[in-house]
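There are structures below to look over.
Look at the two complexes coming up: chain A is in both, with chain B in one and chain C in the other.
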Partner chain A sequence: MEKELRKQANRLLEEGTVDCIIGHAQGSLKFTTTPLITGDKTEISNLIISPFMHNNLANYLIRRHGKTGIVAKGCDSRSIVSLIQDKQVSRDAVVIIGVPCSGLVDMAKLESLTGKVRDQIEAVTVAGDKVSVKLNGKKKEYPARQVLFDHCLGCEFPTPQEYDCLIGEPVAAINDTELSSKKIADIKKMAPQDRWAFWQKQFSRCIRCYACREVCPACFCERCFAEESQPHWISPVPQWQDNLVFQVIRTIHVAGRCSDCGECERVCPQHIPLRLLSREMYDLIDEMFHYKSGMDKNAPPLMTAYEMVEAEGLIR
Partner chain B sequence: MNSKKINKKDLKKLLDTWRRDFNLIVPVLENEVITMDVWDGKDTAFIDWYRNTVVPPKANFLPPGEKMISFEKKKDGIVLEIPRNGQRQIIFGVRPCDARSIAIIDDVFTETYEDTYYLSRRNNTIVIGLSCNSPYDSCFCTSLNINPVESAHVDLLFTDIGDDLLIEEITERGKGLLNMPDTIKKATKADTEKGQALKDSLAAKVTKQVNVKDMEHRLQACFNDREFWEKAAAKCIGCGICTFLCPTCFCFDINDEMLKKQGARYRSWDSCSFKAYTRMPMENPREERWRRVRQKVCHKYQFLPANLGVTACTGCGRCIRLCPVNWDITQVLAGVPQKEAARSAK
Partner chain C sequence: MENETEKEPRIVGFLCKWCSYAGADLAGTSRKKYPANVTVVKVPCSGRIDPLFILKGLSLGFDGVLVSGCHPGDCHYQTGNYRARRRMALTKKFLEYMGIPAERVQASWVSASEGNKFAQVIADVVKDVKAIGPNNLFCAEGR
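Right, the complex of A and B next:
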């Protein structure tokens, strides 16, 4: 697969179809990858396909000039399409190298399963629906469902929806929405005051580093309300109320654009479970508007169009 | 140096004693995040699982957000109130890299002016170091001449030597905390030798290395090498993780918040990685991402060395292991050309 990926990337650069390739390379720490953004053919051999290729590379297309070849998993391709719908990216300016994705390994889950921290784990290999882990020289196997990210378990389209070339064969979705959304179901069961206390606790940890926003391809605004000072929509001082309002507004702003790639939650240094908001919004959008983000590059962005089917229960 | 020791089982007794007189801050694991928080008095299990915190100790002196002054317009004039901080506290478990970082920002907040907000907390804090027995793969403290068993900049240093914790008395303030003859014993020669041996064995566990020799001048020479900095910044997404969670980054923003006739002035962490940084006077002079990345690297390895004579990096590795895209400062530094090889301004 990697060989084919590198061949395609090399071809695109050689033919001059693109002047830059964006893909994943080995990271500098164990079980990490890092975005590779290069126009240099000698660097193409660093491109990899891995169960740790977390980054949604669509993020790098925003305000990029020139023609770009981009490696895209299912969720990434939907983000790219969404950017095309929003006229942030021109379809002609990207060559999408689709990579079917069988799900990414959530190191946080693996850490709690093994009781070890990332760099204390010796090896992780994914084979089919099993993930085998090497710990102190001993191998241990876990069902993939226990180890993959929640958003991967609930992924409906692991094979890219829009691509110019596809590396390997399409893969079947796990699509275990029950397991994927278990945490959401759990907080829905809470009494309102408990749920409020839960969010208060979560957002008390927010330090407003804005990693959730910066890593998100759907957050493409050049100016964000969070930094406006006349008026201050939210206080720049991190307090749980303002932190919560920031995230709620962000969730609304990316509604219909969010492809549930899960990056906002993964990158949060304070482990705030942001997907509880984003996936809930994703499902609400589906339920209310019968709309899934990034599926049709010719469709108008959700919030700019109106269809009669939306009226059910929405306008009273 | 005088060394003492305490059996790990007795640590709780010691902390219980300290808790009576001080606000005692220890490593706490909550929501899978290691943080420093008030000790609940339950146990001292952290001594076994603790590696390092996500938020560095600077947050104890320069919190992410704090009120500087509150004001209210009344009939007979404006009433101002400055909040009083500075509860007596002990921070237990500061790693040697972070201990160095406290010394670095102490300089910043005392050199050109005395920051009373910072100092009111700092002067009332006793810092108790804990040798680092489990460095992460992102740590590179030894490249900055810090040993995982380093007693600089703390009041006491605890080192895990097995069943016991070796205690090095560094300051008088620290020494004064050890007046518990039934639990704190004099360390034997064998104990101190164990501690000494750890200096080498733990340093060997720090596998990430970067050569920072002459970095100040190397950076100076390649300051205008736009191609280098554009490449270094290519994958950076411009979030605030590496700066907010850097133990030596200290930038803050000040805002007034008002409601009718009363309000308050707050300061909160700010970051040169942000596009909106310093927008309040006019615009951010570093419009492009690569200029902001260059600022971050040069501030630590060129400007502070030139201005305060200290490298503002301790090799704690937070900026690497917490980075969303694995932007690795050691790779960038390793790529900075030797002075002679630097390309001229473009």
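Right, the complex of A and C next:
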């Protein structure tokens, strides 16, 4: 598959169809990847496909000029389509190299499951609902739900929805939302004041590094309300009140664009369960407006569209 | 006496300039009585209201937030209130999920000719908010 990917990327650069390729390359640590953004054909051999290609590369399309080739997993392709819907990216300016994704491995889960640290694990491969791990020269298989990220288990569209060429065969969705929905259901069971206390506790850990925002392809504003000074909406000092307002508003602002790629939660250095917010929003939108983000590049963005009759009973 | 006034809830109302604000004006000029708990902020359209305004209001200590605009179909800018409706519906549901009681965030349609309705809406909102007590959500120790 990597060979095919490199061939396609090379062809695109050679033909001059694109002046730049965005993909994944081996990261500095074992089992990590780093985004590779290059127009140099000699660097194409660094492109890889792995169960650790976490970054949602759609982020790097924002405010890019020229024609770009981009490697996209299912969630990335939905983010790209959202950007097209929001007129942040023109469809003609991107060549989407679709890569069906069988789920990304959560290293923290894997480490606690095997009791080994990153460097002691030799190899990890994902195949269907099994993840095989090589330890001390021996192969061991684990069920996918013990090793993959929650958002990958709940992924409905692992195969890109929009692409110019597809590397490999489409894969079936695991669509196991149980883990995510259980956590959300647990929160819903709490009394309102307990829920508020729960969020207060979570957001008192936030250090406002804005990693969640920076990594998010749906957060493309040139100026964020968090940094506005006139009016001064929230204090830059990380207090739970302002942290909570920031994250709640961020979730509402990206509503209809968020493809539940889970990057915000993955990059959070304080391990705040941000997907409890984004997944709930995702489900809420589906339930109220029957809308899933990034499925149709010709559809109007969720928040600019409307039906003649909707949201009955919520407004006096 | 001071305790008495402290108990009175404070509501911030974001009213669209074309309908609800004019409706509030009409309520005033026709000498309708309604609780004096609402602080009005005039906005050009209900579509101007960012959910951020609502949370900012609550974090400043207002006990309730009211968003009011033109009836569906009557927007001065054609579609502003349809957008506001979607946004408000989503915001209300989501804030409930966060643990903010639904009564604190309210929305209504009031036209420029509905002075009576405006008075009624304010009375109802104040009643609702009074029933759930003061807003301590953003106090240091939470609620």
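Note that the second predicted complex is superposed on the first by the 284 of 316 C-alpha atoms of A that agree within 3 Å, B and C clash if a C-alpha of one lies under 4 Å from a C-alpha of the other, contacts with A are read in each partner's own complex, and residues count from 1 in each chain.
Please note the rule applied: a residue touches a chain if its C-beta (ideal position, glycine included) is under 8 Å from a C-beta of that chain, and two chains touch if they have at least 3 such contacts.
Note that the structure is predicted; figures quoted are calculated from it, not measured.
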{"item": "Fit or clash - chain C, chain B, common chain A", "value": "fit"}
{"item": "Partner chain(s) touched by A:Trp233 [first = chain B, second = chain C, both, neither]", "value": "second"}
{"item": "Following superposition on chain A: angle at chain A, chain B versus chain C, Cα, nearest 10°", "value": "90"}
{"item": "Chain B versus chain C as contact partner of A:Ile249, first or second or both or neither", "value": "second"}
{"item": "Touched partner set for A:Arg205, first chain B, second chain C, both or neither", "value": "first"}
{"item": "Partner chain in contact with A:Glu214 - chain B first, chain C second, else both or neither", "value": "first"}
{"item": "Partner chain(s) touched by A:Pro35 [first = chain B, second = chain C, both, neither]", "value": "first"}
{"item": "Touched partner set for A:His65, first chain B, second chain C, both or neither", "value": "neither"}
{"item": "Which of chain B and chain C A:Ala197 touches, first, second, both or neither", "value": "second"}
{"item": "Superposed arrangement (fit on chain A Cα atoms) - minimum chain B/chain C Cα distance in Å", "value": "9"}
{"item": "Common ground on chain A, meaning residues reached by chain C in one complex and by chain B in the other", "value": "none"}
{"item": "Chain A - residues contacting chain C, complex", "value": "187-188, 190, 192-200, 225, 233, 241-242, 244-245, 248-249, 251-253, 255, 280-281, 284-285, 288-289, 302-306, 308, 310-311, 314-316"}
{"item": "Touch list for chain C against partner chain A, complex", "value": "50-52, 55-56, 59, 72, 79, 82-83, 85-101, 106-109, 121, 124, 137-138, 142-143"}
{"item": "Chain B residues touching chain A - in the complex, by the definition given at the top", "value": "31-33, 35, 51, 54-55, 64-65, 136-138, 234-235, 237-241, 244-245, 253, 255, 257, 266, 268-269, 271, 274, 276, 279-280, 320-322, 324-328, 330-331"}
{"item": "Complex contacts: residues of chain A adjacent to chain B", "value": "27-30, 32-37, 55, 59-60, 108, 111-112, 117, 119, 202, 205, 207-211, 213-215, 227, 229, 232, 235-239, 263, 266-267, 269-271"}
